[in-house]
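Both of the next two complexes hold chain A, though its partner changes from chain B to chain C.
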Partner chain A sequence: MTEIFWMIPFFPALGSLVLVLLGHKLSKKHVSFIACSTIFISLCISVISFAGLLKIGAENYPLVKKLFTWIPTHGFKADFSLQFDPLSAIMVLIVTVVGFLIHIYSTGYMAEDKSYSRYFAYLNLFTFAMLILVMASNIVLMFVGWEGVGLCSYLLIGFWFEKHSAAQAGKKAFIVNRIGDAAFLIGILFIFFHIGSGEFTAINTAISRGSISTGFATVVGILLFAGATGKSAQIPLYVWLPDAMEGPTPVSAFIHAATMVTAGVYMVARMNFLYSFSGTASHIIAFIGALTAIYAATMALTQNDIKRVLAYSTISQIGYMFIGCGVGAYSAGMFHLYTHAFFKSLLFLAAGSVMHALSGEADMRKMGGLKKYLPITYPAFLIGAIAISGIPFFSGFFSKDAILTKAFTNGQYFVWTIGVLGTILTAFYMFRLIFLTFHGKERITPEAKMLLHESPPVMTVPLVILAFFSVVAGYAGVPAVFGKKLDWFSCFLQPIFSRGREVHVSLGAELALILISSFLAILGLYLAYLSYIKRPQFPHTFATRFPFIYRLLYNKYYVDEAYDALFVRPLVRGSEQIYNKFDLKIIDGAVNETASATGSFGKLICYLQTGFIKDYALVFLLGVALFLGYLLF
Partner chain B sequence: MNIPILSIVTFLPIGGAILFIFISREKRALLFSMAFIISLVNFLISLLLYFNFNSQTSSPQFVEKTTWIGYGIEYHVGIDGISLFLVLLTTFLMPVAILSSWKYIQRREKEYLIFILMLETGIIGVFVSLNLFLFYVFWEAMLIPMYFIIGIWGGQRRIYATLKFVLFTMLGSLLMLVAIFILYSIYFKATGTYSLNIFDYYKIILNPRIQIWLFLAFAIAFAIKVPLIPFHTWLPDAHVEAPTAGSVLLAAVLLKMGAYGFLRFALPLFPDATQRLLPFLAVLSLIGILYGGLMALIQKNVKSLVAYSSVSHMGLIMLSVFALNTISVEGAIYQMLNHGLSTGALFLCVGILYERSHTHVIKDYGGVSRQMPIFSAFFLVFILSSLGLPGLNGFVGEILCLFGIFKSNTVFAILAASTVILSAVYLLWMFQRVMQGPITNEKINSFKDLNKREICYFVPIIILVFWMGIYPGPFLRKMDVSVNHLLKQIQRKEKFFTNEHIDKTFFLDTAINPNTWKEKHQDNKEVNSQ
Partner chain C sequence: MIQPIYFIILSLIIFVLGIIAFFIKRDLITMFMAVEVMLNAANLAFIALTKAIGIIDGQIIVLFVITVAAAEAAVGLAIILLIFRQKKTIRTEDIQVMKG
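For the complex of A and B:
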């Protein structure tokens, strides 16, 4: 039954097509049925294919299905072919499971929206593109998915395009992503030029045959990773993600937390043979990942918008995933991707539920004490926060620990230190959010309070399911020291990451590392408790005592402003200057001057044509005289 | 097959235009429907060309050849895998252009339609001519209807724009005419026979120094048409002033004539000059990509924005042509078709907006999507196609172009790849300002979404946009053999000329047949060795 895997992406595509063409004629009920059922079918096929994959041996990976030849030219050939192997399977399952839950949730969240069918058309289209991305068997087709998800992200961020900020944010996301994508595209050109094929298996073979130099691997690795910094919101291209929160909250959960933004991690994992080959590229990834992890976490500390906190948190967590990939622990990076998909979408959906309850309010300064009003959302949110903070026995704990342990044992102490410090910050900002939102004094506006209600079951049931996963998902990858069999996740991915560096850890070291990171997570939680429950005056005191630090963080290090001043404005101003001074004045000026000079010259010689016969006779006479003179002398 | 399909496709439009003489100008609907039907029938006939095209041979097909004036001036037409698609693009867009003018043109409809049909004949003639003289005739003839289309049905500054357009083009074609004469006389001196058949010229070798001058004459004519920087300033003016259909055809087909001219004439006729001047032309194209993109970024007028985006896109196409390898040339041709569709469609979109508000200024718009959701969807797809979103046509062309360029010169390809970013910036920014955000201009509240006629001409384009993006095989496979043949033609490096023992007086300003030359060369060697 595994061979039907290739159908997985096409049901959402079909759903999207139907909704685009007929959506405006269908009732909301039918729209939600089409949207949810198509992805549910995909989910079922994914599960069947996954079960099939478990049965067949690793020597049969990957399963490839070529649908047709896409670009047929000699020298640049790309097939439309899909593949299914453990790595794709995990991504497919994440996309379909989380996607299905979010589709369901959206039917409640978007129930009042007038563009209901447009929303689901985009969401289905996104699912299709994401599935293509993770199932493509060559890098060009992957790029189709890669840009396809970018497009859907653009469409969904700017879903409420009447709002200037939403339109602006959508455009920003697309353009920033495009900067990365241009690098990615150049990477593709390099691959085709040197290897002659974009099939992952062919690239792998070329590298293992040794026909590729390390320098080439480094260049390509960096170019592709530059694409990943756009898509996965890493330094320096992360700036679009916080603004992307303009989109509907389920979109933030699905695209900007669970799936699309982790595409970069998937790409690096998919190209692991390349990155294992190039130490330099891997170091850069680990370094950028670590830097982003801590940098974004500091920005999350001061944000007041509930979604923006989560956005910065996502950037930071993806940084952790890149640390994993960068230190050669691809399965640990993927493991964090997998747990993160559950708890981060849970957090976003729970935040959406809070906002839904408060008639769209996202400012935490206008929340507080919501615990008692939201009996399902609150525990769900709490589970998500515990999971992400890395508090023991919840999913995030296992995956974050896997990454940090691998970083440590691979000798990347700098990266490890940053990662561990990030743990304190993560716990701190997460619980700051919890305390500000659900605990303490009620700061809700009276109008919002009148309408305060817990969300309907279509929204809370997905929360409960995701909360369940957020608790248990981590047990798929219990550290191997406790038993080789327990680390099922990395065993499953082992055939893909055979080149990754897996260093054996002693039980003592493992336990010590676990203790350190758990301690720091709890420390972060405690500090948040001190600052926001025990002594609520403290943050304010801190802000007034160190206004510089506070303002720097609050204004996100002024990076948006710096980019604007360094790139955007010079580009626009410079172009205007060139246009006015060069294009219009010099080039076009020369053209018009030539024309008018010709005209003036014509006018000048038209004086010769006076119309008086005597003038002509005079000229004639002079001519004859000159001619005769010439002949005679 | 004995049916002269190619001649029918070429002359059916102008033949149909003659019928218009007998129709009263009052019968507006009849005039338009007739023009539409003529162009549609012509498109259907031209499809025969596609289906009967043999992609295995490099020699021209559907050839028709008869003496016309004599002295080498023949009626000689035929197509290969390169011109085939340009002809199809023209016949495909004509019905679209006519449909799009239905409401836009409100006076002198009869003349307008006659000119449009004349234009079709002129354009197709350019693409099918295999005789230099015939080519020149069509090249010039095409100017006449375009001159009137811009000059009569254009906007405020139409006279200025149309004069600029015509004078610019004439300047180029005059140089080309002189070059054709020189070629003609050289050929006559070398062989003793008159010929203007380009295949005869492919066979001869010219003195490299002569080649440079002749190449420049041709190249300037074509560079103006493309347009390459710095010959581009007629384009924004012509586009802004032209009526919608004029802009569509100008961008979609007329610009391609320049690129086609390079491929068919300038490059293969003068291989040595090509090698010599290629770097220079490549740099101009590269500058065009960046320059056009930056200029598009800051335009305040939607139409000139799209016009400058054309400059940028054509820069990529030309750079790809000049990279001179199979993939780059195939990519370039494919990208010409893509550019024809997407930019043509963008001009249609701009026209639709103009019909509703009578302004091209970006600032006057904002929030149109809310009033026109269907239009918004179409517009966005064309923008995405133009900025090369994978899955749509633009991407396939763009990646082939970039890869072809990459094969010839990595640095150029990397710089050219900046078009990926720039096009997204200017197009999406424009989309945001025109279509999104709150409605600020009250007029927009009364905008009506697309009517059936408008949807009618968008749908075929959309289908092609997707088809060419998802399944480009049928297009690329047909051009493969022809492109390879052409490249061989361009790359016939004349090693003889680098040889220092050549008797310079022998070919001072003449052309020679390689075979006879070889014999002479042997003699020379013998003489030298003695």
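For the complex of A and C:
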């Protein structure tokens, strides 16, 4: 039954096609049915294929299905072929499970929207592109999916394009991503020039045969990772993700938390043979990941918009995933990707539910005390927050510890220190969010309070399911401390990551590391409790005592302004200059000059045409005389 | 019998007079008459030369020329009449709508 795996991406594509062509004629009920059922069919096929994959054994990986030859030229051949192996299988399951739940949730969240079918057409198209990305068996087809998800991200961020800020945010996301994608494309071209094929298996073989140098692997690795920093919102290209929160909240949950932004991590994991080969590229990944993890976490501390806090949190968590990949623990990175997909989409959907309850209010200063009004959203949000903070025995605890333990045992103490410090911040900003939103004094505006209600079941049921996953998902990869055979996740991925550096660590050290990070997570929680419940005036005191730090964080280190001054404005001004000097003067000038030269030559000729019959007759006479003269003499 | 050269010279004189008249006169009717004069100068040359050579082709051509000249006079005068109706003048310097 596993052979049918190649059909997985095409159901959402079909759904998208139908919705684009006929969506405006269908009722909302039919649109919802088409959108959700296509994802559901994909989900079923994914589960069947996954079950089949477990049976066939590691020696048959990866399953490849070549659909057709896509680019058949001499010396450059790319197939449209899909593959299915443990890594793809996990991504496919994440995309279809989370995608299905978010589609269901969206039917409630977007119920009042006038562009209902357009929304679902984009969402289905996104699912298709994402599935192509994770199932592609060569890097060129992967790039197609990579650009496809970028396009859908742009369309969905700017979904409410009547709003200026949303249109701007969409544009920003698109342009920032293009910068990374340019590097990614150059990386792909390098691979083609030196290896002659984009198939992952061919690249792997080329590296194990030793036919490429380490320096080449480093260059390609860094170029591909530059693409990943764009897509996965890492330093220096992270600036688009916080603005991307202008899109509908389910979109933020699906695209900008669970799936698309983790594509960079997937790509690094997929190219693990390359990164294991080049230590320098791996170090850079780990370093950038660690830097982003702590940097984004500090920015999350001062934001007042509930979705922006979650956006910075996403950037920070993806930083952790890159730490995992960078220290050679690809399965730990993927494990965090997998648990993060559940708890972060849960947090976003719960935040969406809060906003839905408050008629679209996203400012935490106008919330507070919502606990008793939202009896389902609150516990769901709480579970998500506990999971992400790394409180023991929830999913985030297992995955984050897997990463930090691997970082420590691989000797990356600097990265480990930053990661552990990030744990305090993570717990702090998440519980700050909880306390400001659900606890404390009510600061809700009277108009919002009139309409305050818990969300309908189509929205709360996905929350409950995701909350369930957020609790149990971590048990797929229980660390060795609790039993040798329990780490199913990394065993499953072992055939893919056979080159990863898996240093075995003594159980005592592992236990100590787990205790340290659990302690720090709980410390962060306690600090948040102190600052926002016990002494609510403390944050204000802190802000007035250290205005510099507060303003720096509140204004996000002025990075947007710096980029604006360094790149955007010079570019705009330069383009203006070019427009004025080159476009208007040279291009337009050439065209206009040609026209006016023709015109003035015409005017010159025009003098011959006097309108006097006698002039014409004279010319005629002279002509005849000349002709006769020529004939006679 | 008069030498044909005299006829040719006479025909040339009439033709040149026609040309001069065409260029110095300003109203269309007179210019038109000048054209008729030139046509008849040509006719004279044709007749004289065919008589001298002893063939009949030239005389037939003359008949054609006279016929065409008659038709041309009818059309030309009609055009001049119409121009006069529109412009209230037949002086050539006043008629220059074809100026570029």
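Here is the rule we go by: the second predicted complex is superposed on the first by the 577 of 633 C-alpha atoms of A that agree within 3 Å, B and C clash if a C-alpha of one lies under 4 Å from a C-alpha of the other, contacts with A are read in each partner's own complex, and residues count from 1 in each chain.
Just so we're on the same page, a contact is a pair of C-beta atoms (placed from the backbone, for glycine too) under 8 Å apart; a residue touches a chain by one contact, two chains touch by 3 or more.
Note that this is a predicted model, so its numbers are computed, not measured.
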item	value
First (chain B), second (chain C), both or neither touched by A:597	neither
First, second, both or neither for A:161, with chain B first and chain C second	first
First (chain B), second (chain C), both or neither touched by A:626	neither
Which of chain B and chain C A:618 touches, first, second, both or neither	second
More chain A residues in contact - chain B or chain C	B
Contacts of A:562 with chain B and chain C, given as first, second, both or neither	neither
In the complex with chain B, residue positions of chain A that touch it	20, 68-76, 80, 118, 140, 143-144, 146-148, 151, 154, 158, 161-164, 167-168, 170-171, 174-175, 178-179, 181-182, 185-186, 188-190, 192-193, 571-572, 574-576, 578-579, 583, 587-588, 591, 595
Of chain A, residues touching chain C in the complex	605-614, 617-618, 621
In the complex with chain A, residue positions of chain B that touch it	164, 167-168, 230, 232-234, 291, 294-295, 297-298, 326-327, 330-331, 367, 369-370, 373, 377, 384, 389-391, 395-396, 399-400, 402-403, 406-407, 413-414, 417-418, 420-421, 424-425, 428-429, 431-432, 435-439, 470-473, 476-477, 480
Residue ranges of chain C touching chain A (in the complex, touch as defined)	19, 22-23, 31, 92-93, 95-100
